[in-house]
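Both complexes below contain chain A, partnered by chain B and then by chain C.
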Partner chain A sequence: MVEYPEIDLFSSLDSPIHRFDPRAKIVAFLCLIFSVVLVQDLRLAFAGLLGSLAFLAASRLPLRFVSQHIKWVSFFIVPFLLILPFTVKGDEIFRFYALKMTYEGLEYGVLVALRAYSAVVLVLPVVATTRFDLTIKALDRLKVPNMLVQMLMFSYRYIFVFVVEFQRTWRAMEARGFKLRTSPSLYALRTVGKALGTLFVRSYERGERVYQALRSRGYTGTRNPKTLVEFKMQARDYALAVLIVGFAVALHAVSFVFARGV
Partner chain B sequence: MKREAKRREAKKREVKKREVKKREAKKRKAEAVTVRDLSYTYPDGSKALEKVNMKVYEGERVVIVGPNGAGKTTFLLHLNGTLRGTGGEVKLFGRTLGEMKREEVVKEVGMVFQDPDDQLFMPTLFDDVAFGPINLGLQESEVRERVRKVLALLGLSGYEDRAPHHLSFGEKKKASLAAVLAMEPRVLVLDEPTANLDPRSRTELIGILNRLNEREGITMVIATHDVNAIPELADRIYALNRTVIESGTPWEIFFDGELLKKNNLDVPDVFKIFEVLQCFGFSCESLPLSLDEAVAGLTRTIETEGGHIHLHIHEHTHEGVERWRRKYEHH
Partner chain C sequence: MVHISDGVLSLPVLAAGWAVTGVLLAVALWWSKRQGEGWEAEEIPRLSVMTAAFFVASLVHVPVGPTSAHFLLNGLLGVTLGILAYPAIFIGVLLQAVLFQHGGITTIGINTANMGVAALLASAVFKGGCRLARGRREGREGRERSEGSEGSKGSEGSKGVAGIFGALAGGLAVFLAVVFTAVSLILSGGEEGTFTAVALALAVAHVPIILVETVVVGSVVVFLLKVKPELVGSLGEGKR
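On to the complex of A and B.
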């Protein structure tokens, strides 16, 4: 059995976020994402993260699934948290030989991390609570450039095919005694490189055949591929959208007040 | 009871209608696909096809056989204009393919590719099957109706929202056929339809194809290595190896030992077994190519020979078996 990298594995659960109209979901959460990443105040960034977590909790996505995805993003966020406190100039907190940790640096590092985590946390309720094909169709209905929609659609379809293909190659290599783990030598790495190269060549050839198949069924490239899908906004979709966008606006309204008053 | 009688009556009428349709088509014998002196040279200069000539009549099932690399797939890709020959021409129902609009060609000829992953390019089965009809410019309700009908025909109802990577190979194969059938083509071109299928899916697929041919009168051009499927799928065979080597009914091709040997072609297992039986003194008018023919042939022979068949070893048996073995030596 193949393990697929499925982002919409839990799209069949039921929650207010799952029932949310995909188009409104994308627009509303995108507003919120922009809002939280543009927040300048540490307290508000924290509030933003809490709000994001609340929406994530409302989506009822399993914790393991969530942590799995956040884990990978941490590889990019944690370095900021570690490096910024020592590189930004300002009031010194403590010194370790030549390394100087500053208050401003720490604040900036935490701010960046909070904003980044909020954004990542918010992406999950958007893409993981709708079947991915519906997300793509929603993007199409939202008038996202057709070229992008097509690229997304075909990438989504063929990523699974390529995963299987590479796994097959990998198994064939292992079946003939190839091991990467125990001896990551230059030879081994070169072999992996070649295997990847083969995958590229094969994908290229497949691309050609897929194009022939597309053409055989009337594909012309423009305003294509069209899909049939029915989205219907209901009162509760509007309500939820207003709530999310309202939160996004509130963060900045408060930050405006802070800037004035404090 | 009354309803039952009515239904039977309706069925009878339908069967009759189909028969009439078939007879008419036969009478007309219109050429669905005409290929004249078709040549194709790959961009690197190697010749894939050389002066291929072929005629496929309406409602006919033509099978193309030939070794790997004989140009079968390349040839098929010419039938809907995906590839343009470097010489010669292809005609569809009397019209030159090069002069037809792309949409017209696509509407007439449905192409089922060998690897279903090449063909199922949309995120869900519904989208994939709807893809063709939408491109034909049909109304949404009509598109939905066609998808429903075709999925029901192939036993894929309820799979609408499935992603292709969640289908088995057999299901994918049926799905790619469904996607093409939804466009209601008059000619169906299939590249290795039975390859890699398990026996049950294979039998099922052959059944589906034959029903389509019988009921809808769809013309078929099939490239295959599955020699045991040929008697069930072919009205006529073309042996292709860059050019057409031979053509004829399955019977004409499979009886030409020289031709088979020269082109590395195989014959159905049933045929081989009955050849062996002949060496053991079994006599029948014609060797069967399929199991059905075998049953019919055996029944006839037993009836005419007084209730049994008679096998024995005679002076030429071993010699005959040896000759038989040599005939298929290349396998």
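On to the complex of A and C.
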């Protein structure tokens, strides 16, 4: 029914990307993601995807984990691949009754898909190679506003609690004979609404208790700099960051040079 | 699928999305700063716990015909959290992108804007609707209702009214989010209308989700009013 968001399942592996300083990792890969997403040329987008795959390979994340995580992007991108070739005007490749497939449309569809997959392939080395609490801590060190960092931290922590809680509610409903069919009735949907309502009421009351527990331990809502792990940039972190940002800049510098040359 | 993934949108649309999100987040942060000392300590844990609950609720899949839909619940967020729905949706979109790769990183700005602005508008419709209904009833009955900030906290009938406006807000929020998403795709396609067909296809695919969410949010609002009325519009209403 609901799945666990186990993004950092493989953060205990060892690879150059795992050892990369989390702050530098976030900044450098963000640069690269913005870079590949804005590439306009098909060949450069392909180069971008190859480079992204190289970074993913360097992170040594298991293939099954990776394929699970690029599932959603495919849901979004496949309509573009299917529709764009037939709707963009341009040179005709072939005609099937009223449907015209154009070269320009196909090229644009593939470009969109390449950029989308490059980006998602780059997200994984960032978030899947560091424990998520350390990623949040890195965001804090990168001066993300305190309220957002704290919300991120608490929300992430309680997602797991509520997944378990909702599964329990759902199992209780199913034990009483409730089943969602392919075309849910009004009654079934209202029952789902009540199950969700229960989740919200319970979470609201839990929030109250969480606040009291935190308060009695001295929580004041302000930035708390005490952490068990401290980050330290080393020479190899700088080198890897320069490599990644350099690749990001190169993807756009090349097209700029080409445009000048032609 | 209202979560646009990376690599589709053009630079101006991405930038506009980040600008809108930046401004609205700043407004929400400024608003929470104005609530005075100790507000953050009190509200951040509560708000975050609710954000987590909404995140989990949005993972629930409902089978609709051949596909399955998952809830957006941005309307419900607007109804329960008020202006704080915007940071909550931002965190939700960020976590969706980071934990499930559902929606892109560069598009966090525009996705938050599409869903968040829709949520704020839906919340305004809900509040306005409840106030209007209450005003009308008070006029008819000719008596003052001294306690309760929402008219919806009273009798069975007013719960029904709140349920109807809750359903309306739930459906409207998804509808607006879909419209905003389609518009951002169409604007990205430029003058040739490259993405128009895809945007329309995505919009049509969302019609069942709008219907499902209308019913579900309506029933959640009625349930909350019966069980925990302070949850409807309590957070994000300022000092209690």
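As a working rule, the second predicted complex is superposed on the first by the 238 of 262 C-alpha atoms of A that agree within 3 Å, B and C clash if a C-alpha of one lies under 4 Å from a C-alpha of the other, contacts with A are read in each partner's own complex, and residues count from 1 in each chain.
The criterion applied here is as follows: a residue touches a chain if its C-beta (ideal position, glycine included) is under 8 Å from a C-beta of that chain, and two chains touch if they have at least 3 such contacts.
All values derive from a computational prediction rather than experimental measurement.
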* Asked: Looking at the overlay on chain A, is there a clash between chain B and chain C, or do the two fit?
  -> fit
* To do: Return first, second, both or neither, reflecting whether A:I33 touches chain B, chain C, both chains, or no partner chain.
  => second
* Asked: Of the partners chain B and chain C, which touch A:L214 in the superposed model: first, second, both, neither?
  -> both
* Taking the superposition as given, does A:V257 touch the first partner, chain B, the second, chain C, both, or neither? -> neither
* Of the partners chain B and chain C, which touch A:A239 in the superposed model: first, second, both, neither? -> neither
* Now for A:V161: first (chain B), second (chain C), both, or neither, which partner does it touch? -> both
* Quick one: name whichever of chain B and chain C touches more residues of chain A. => C
* Is A:I93 contacted by the first partner chain B, the second partner chain C, both or neither? -> neither
* To do: Scan A:F75 for contacts with chain B and chain C and give back first, second, both or neither.
  => second
* **Spatial angle chain C-chain A-chain B, Cα centroids [nearest 10 degrees]** => 70
* Asked: Of the two partner chains, chain B (first) and chain C (second), which one does A:V249 touch, if any: first, second, both, or neither?
  -> neither
* Kindly classify A:R115 by the partners it touches after superposition: chain B alone (first), chain C alone (second), both, or neither? => second
* Nearest Cα pair across chain B and chain C, whole Å -> 8
* To do: Once the two structures are superposed, pull the chain A residues common to the chain B and chain C interfaces.
  => 153-154, 156-158, 161, 206, 210, 214-215, 219-220
* chain B residues touching chain A - in the complex, by the definition given at the top -> 77, 80, 82, 102-103, 106-107, 109-111, 113, 115, 117-124, 126-127, 130-132, 134-136, 140, 143-144, 161, 163-165, 179-180, 183
* **chain A contact footprint on chain C (complex, rising order)** => 1, 3-8, 11, 14, 25, 29, 32, 38-42, 44-57, 59-66, 71, 73, 80, 87-88, 90-92, 94-95, 97-106, 192, 194-198, 201-202, 212, 215-220, 223-224, 227-228, 231
* Structure fact -> chain B partner, complex, touching residues on chain A are 4, 131-133, 136, 153-154, 156-158, 160-161, 164, 206, 209-210, 212-220, 224-228
* To do: Provide the residue numbers of chain A that touch chain C in the complex, in ascending order.
  => 1-3, 5, 7, 30, 33-34, 36-38, 69-73, 75-77, 79-80, 83-84, 86-89, 108, 112-120, 123-124, 127, 145-148, 150-159, 161-163, 166, 180-184, 186, 189-190, 192-194, 196-201, 203-204, 206-208, 210-211, 214-215, 219-222
